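I'd like to ask you about the structure that follows.
First chain written, first letter: the chains are A, B, C and D, and each begins at residue 1.
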Amino acid sequence: MGNEQETKKGVDKEVMKALRAARQETIRRVSAQVKEQKKIIASITGELKKGPRTVPEIADAVGLLPREVLWWIASLKKYGVVLEGEKQGAYFAYRLAE
Amino acid sequence: MGTCQTLSYDALVVGGGIAGLQAALDLADQDYSVVVVERDASIGGTMIRLSKVFPTLDCASCITTPKMAAAAHHDKITLLTYCELETMERDDRGRVRAVVRQKPRYVDEDKCIGCRQCEYHCPVYVPDPDQGNFAARKAICIPFSNAVPQVAVMDPESCMLCGTCAKVCPTGAVVYDQQPRKIVIEALTAVVATGFSVTPLEDKAQYGSGTIPNVITALQMERLLAPHGPYNRVLRPSDGMEPDSIAFVQCAGSRDKSMGIPYCSRICCMYAIKQAMLLSGALPVADIFIYYMDIRAFGKGYEQFFQNARAMGIQFVKAKVALIEPGEDGAVTVRYEDQLNGGTTTASHDLVVLSLGKVPGWNPEGRCALTVGPDGFISGPEPKLAPTRTVEEGIFAAGAAVGLKDIVDSIAEASAAAMHAANYLQSRKKALEAVA
Amino acid sequence: MEDQRTPLPDVADEPRVGVYICHCGGNISDHVDVEALCEKAEKIPGVAVARRNVFMCSDPGQELIMEDIRSGKVNRVVVASCSPSLHESTFRNALERAGANPYVYEHANIREQVSWVHHGDPATEKALKLISAAAAKARLLTPLEPLRVDARRRATVIGAGIAGLRAAVDLARRGLEVVLLEKTPFAGGRVASLDRLAPTGEAASEAILSLARQVMEHPGISFHSCARVVGFDGYVGNFSLEVEVEPPAPEDAAVLSALKSEGEGGPRFVPSRGAVLGDPPAAQKRFRVDTGVVVLATGFQPYEPRKGEYGYGEMPEVVTLPQFIEALRDADADGSFLTLGGRPIRSVAMIHCVGSRQIPGVHEEDASGHLNEYCSRTCCSATLFAANQVRTRYPGTRVFEFYRDIRAYGRGQEELYQEAAHNRVLFFRFEPEDPPRVERADGPTGTPLVVRVKDTLTFGEEVQVPADLVVLAVGMEPAGIQDLVKMMKLPVGADRFLLEVHPKLRPVELATTGMLLAGTCQAPMDVTEACNAASAAASKASALLAKGCVQLDPFVAEVDWDKCRGTGACVEACLGDGAIERVDVVVDGETVRRAQVVSALCLGCGACVAVCPTGAIQVKGSTLAQFEAMVDAIASDPAA
Amino acid sequence: MAFVDLSFSEELERFGVSTTLDCFNCGTCAAICPLIYEHFPRRMVRYAQIGARDRILENGVELWRCLHCGLCTQTCPREADPGELILGLRRYVLHHWRRDGHVPS
């Protein structure tokens, strides 16, 4: 297409400014959500720094519902932050990737 | 709306699932030019989201991805993904004229090289419907690992415009202000292969309305069984426990007038048996139950598949489950009538899979002049001799769009639709030549 | 994209083999240590690179291979994945797209031959051996040119039932010449015996006549009735059939001449027999049909119950469903109750799954030791449909159905089941170990028969049903085509139906390219499904013949005339019916005999290679040197 | 067990029941019924289907346990209306008790 206004690293500043103005609400909502997500990730990875943990153990420690913890574990595993460890009873333990 | 473009082909295929792809490949192999319009960001339809398929237990990807690749690389096939069909009509010269709205991916399709740097660096985690919502993807991502095309998509509703993706993209492909595009497609014939969708879990109060965490849909179970599923193994979603007892509840939304779906969804018996078999491989000590009314193992090799499942120790209970309730510690209780031993009883399972009802994936009403039957699926004038014909001359339909069908039957019907479309093309081209 | 074709990699270069290992989701990687395998494969002599992917056959997987070819990193390819029958052609195409010769490719099957049968370290070790062998062979592979043979734009359809008619019409409309062969004097097959078609109730005769008219009117179709295939040879694009026609049998001739007096016109329909399309042959005659493809539409036959099975053959009141449908068709249109042969039928008992879903140890084998373990798919709906007809036409006739599972799977079929219940058909469900018993009535029922069953819907209690007539819903068996199976070497499954290559990848094709399947010769199907299968077969045929020539793999024998001494041992050993012939050639002014291969007929089996005393004959793509290299690779310790 | 008698379902029409044979015996009614009483109400539905008059009369008392909560009718996948059938059977049983002096055991 050869849009001259585009630099290699992203979009024109004016465009971004206009978009940010138009999507204020979304940006506020998502930013709050990301802040919350970062906190959760930090608490889960913080717990895992102490050693391998199962989902119920993490849930107990960080005060989240086990199903939320599992969702985060699955997500962090997908992006290479967490690895599956040994099985402990009916549950698998998870650990941090190096 | 951005620019409006008109494209011309011999044939238009609506839907890039297995039926649409097969129809496109059959037409293209006969040297006709074909455009495939797909609503999703990737072609592949329901099949590419499955784990393995009955009755051969081939992995779904092993069958689908080569067909996806073949379509993507065929000289005669153009793929338009992330496109909604707005209208389709026949013009006064008898040609099919379709208006398609290409949704913005916020990524330049020609520039994106599928490196996933945007996805890795995006800070926003959002539930991934392609993983049954059991894990996250990012606000910008490649839809799934074997998606075609390998082009990222951004969800503007989950984007805070932080600019990270644009910064890390090596080819400058991110376009935050991309606009939807209108495309007009002209073709001599069309094949509609819009597939099916599944009734929501919320629809049945007796089954918990979607509030019981360990009651999941069959498509979610497909993801748990799939090689790159959310957990890479079968765990119950409430807490990650490996389940010891798993139950399948058949007709959970089909053959049920109280839910408005009196018809049989045709594929659920077989996929439940298949999932049960895969589970007994993945969890050798687990007890697996299938609650059914009639086992409909009707296709080639299906009855033998069913008998194999019985021989493997999968327990078939002839009963329609009436009530599903949460039990202790994440367990799920099902209530049913044991018809031979003493009547009403309950059983407790770690994980319950619902074979929900299947409904049409697309409704032609207001978009084109196709007719549907009382079941909502596309109907035609010759259901016996030419099941793929529709009331619109030159427009054909195949696969689950014309009534629910398994993969084998969908593929055969797609080829049949391609044959009818090819013959229609042949006669139209002759007529056009005669005029010229 | 601008056309920037990379020049063809020069395969005369030192072989640089790329090894691509597939996880196949977890099918392979759950049992084979793919990561370790990949590292070891990279150290195999001649291997330039080894890579792995979750699904090598996916687009990103194929792209890995293509990128290495384009960049010149590799010039021979080994993919280690599933069976070559599944995806060898997928990867050959990828090579071609990348600008390489598609035949510098070798496939190692580490799924069916490794991960599905071995586990743990032995699995990984075996996978490495297979890959080493494939790589050793790949180093010696040379580019080959595919065989191109002219194809006749003519299709032959065997069988003029509903599927055969459908296929013939489709092929002809596509512009191909069609020869339609039918062994009886009539077109329409088994559908001709039906009255109306479940679930929607169209007239069977109209369905047949509608296609028969198109067959008659299309100048591209030649229809031969009373025709049998008595000889067969050739290959895709150039099959040759020997066909024999003979005048119809006396009873058919009588039917036909009675029709004739009714005057000319379009096709005429004779109930239970089918449509008449023109005159039957007047004399016995043989002729040859040269054809590009063959579509098999040989249909099914109903299961014939054993004598004594539910009283069949012993009690005249026990009939099969096809017999009942014909009787119903010919009975008075309505009445307070059904009357058959002057006998009032107040109660009909219909038994499902007769000759279908048979279980070893429960059911009795037939004379040839077979059990029909499959479901015949169509009988539930046909039975429900017949029951509804009885109930709506003769309100005084009661209908009872005995089933194992009601398989009303298709569109409109569950509705048929509901309608039957609404029409007051009463259902009983039995276990195969406790089937219904049909007995002579000795009580005061007023009916000749009684059916007893342990009914699971009534908590396992035994119930008794009075019956004037018992109808057995018999299943489908493939039509008796043993002669064709033998002559054409058709693959047959354990269920005795013809066997497709793959139910999803190539659902209407037989292993022999150019041989296609339409309808119930493949599996039980209803009319809708048979028509879809027939149209699908026509689509594949059209694609094959569209270009007027077909491309075949070049894996055929090749003779080195410098080494050949004309012994003829190869001709003797050849399994390919005329694939090797001896020709006179002049060498140094002397006429000598030499073997010569007819490529299109060669099966590539290698029987000739084994018997040649001078090693003059080789199969391209599998030469002795290549085999030796593979054996050496397997014999040597790959770990060393 | 005695002979099946399909005329019973016709007889029941006089007692206001027309859906006897619509039921396909899935058992939802029995499992959803808050009484949790063996096979109730499907057992009664089945007896009505096969015309087991004696069984219905013998077990007639069962019919009066029904609370008319309507759950069975509401959840019946075939719209066979088991609730209404129970009411109809009550009318049938009453009729016969009065006429035949049939007293349940």
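Convention: a residue touches a chain if its C-beta (ideal position, glycine included) is under 8 Å from a C-beta of that chain, and two chains touch if they have at least 3 such contacts.
As the structure is a prediction and not an experimental result, all values here were calculated from the model.
Asker: Look at all chain centres (mean of CA atoms) and spot the one farthest from the centre of chain D.
Answerer: Relative to chain D, the chain whose C-alpha centre sits farthest away is A.
Asker: Which integer distance in Å separates the CA centroid of chain A from that of chain B?
Answerer: From the centre of chain A to the centre of chain B is 28 Å.
Asker: When the centre of a chain is set as the mean of its C-alpha atoms, what distance in Å lies between chain A and chain D?
Answerer: Centres of chain A and chain D (C-alpha means) sit 58 Å apart.
Asker: Suppose each chain is reduced to the average of its Cα coordinates; what separation in Å results between chain B and chain D?
Answerer: Whole-Å distance between the two chain centres: 43.
Asker: Taking the mean of the C-alpha atoms as each chain's centre, how many Å separate chain A from chain C?
Answerer: Whole-Å distance between the two chain centres: 51.
Asker: What residues in chain C touch two or more of the other chains?
Answerer: 418, 457, 459
Asker: By residue number and range, which residues of chain B touch two or more other chains?
Answerer: 255, 339
Asker: If every chain is a node and every touching pair an edge, decide which shape results: line, ring, star, complete or other.
Answerer: Per interface graph, the chains form some other shape.
Asker: Could you pull out which chain C residues touch chain D in their complex?
Answerer: Residues in contact with chain D: 398, 400, 417-418, 421-422, 424-427, 429, 443, 445, 450, 457-459, 461-466.
Asker: Using the touch definition up top, name the residues of chain D that touch chain C in the complex.
Answerer: My answer: residues 1-4, 6, 9, 21-25, 39, 43, 46, 49-50, 78.
Asker: Which stretch or stretches of chain C touch chain B in the complex?
Answerer: Result: residues 23-27, 54-55, 57-62, 82, 86-87, 90, 93, 97, 162, 166, 170, 173-175, 197, 200, 202, 207, 210-211, 356-357, 359, 373-375, 377, 405-415, 418, 456-457, 459-460, 495, 497, 502-505, 507-508, 522-524, 527-529, 531-536, 538-540, 542-543, 546-547 of chain C touch chain B.
Asker: Spell out the part of chain B that touches chain A in their complex, as residue ranges.
Answerer: Going by the criterion above, the answer is residues 108, 110, 120, 123-125, 127, 131, 134-137, 139, 156-161, 163, 166-167, 169, 172, 174-177, 213, 230-233, 235, 237-242, 244.
Asker: Where on chain B is chain C touching in the complex?
Answerer: So the residues of chain B touching chain C come out as 26, 29-31, 51, 53, 55-56, 58-59, 61-63, 65-66, 68-70, 72-73, 114, 145-146, 148-150, 226-228, 255, 262-264, 266, 294-304, 307, 318, 339-340, 373, 375, 377, 383-388, 402-404, 407-409, 411-420, 422-423, 426-427.
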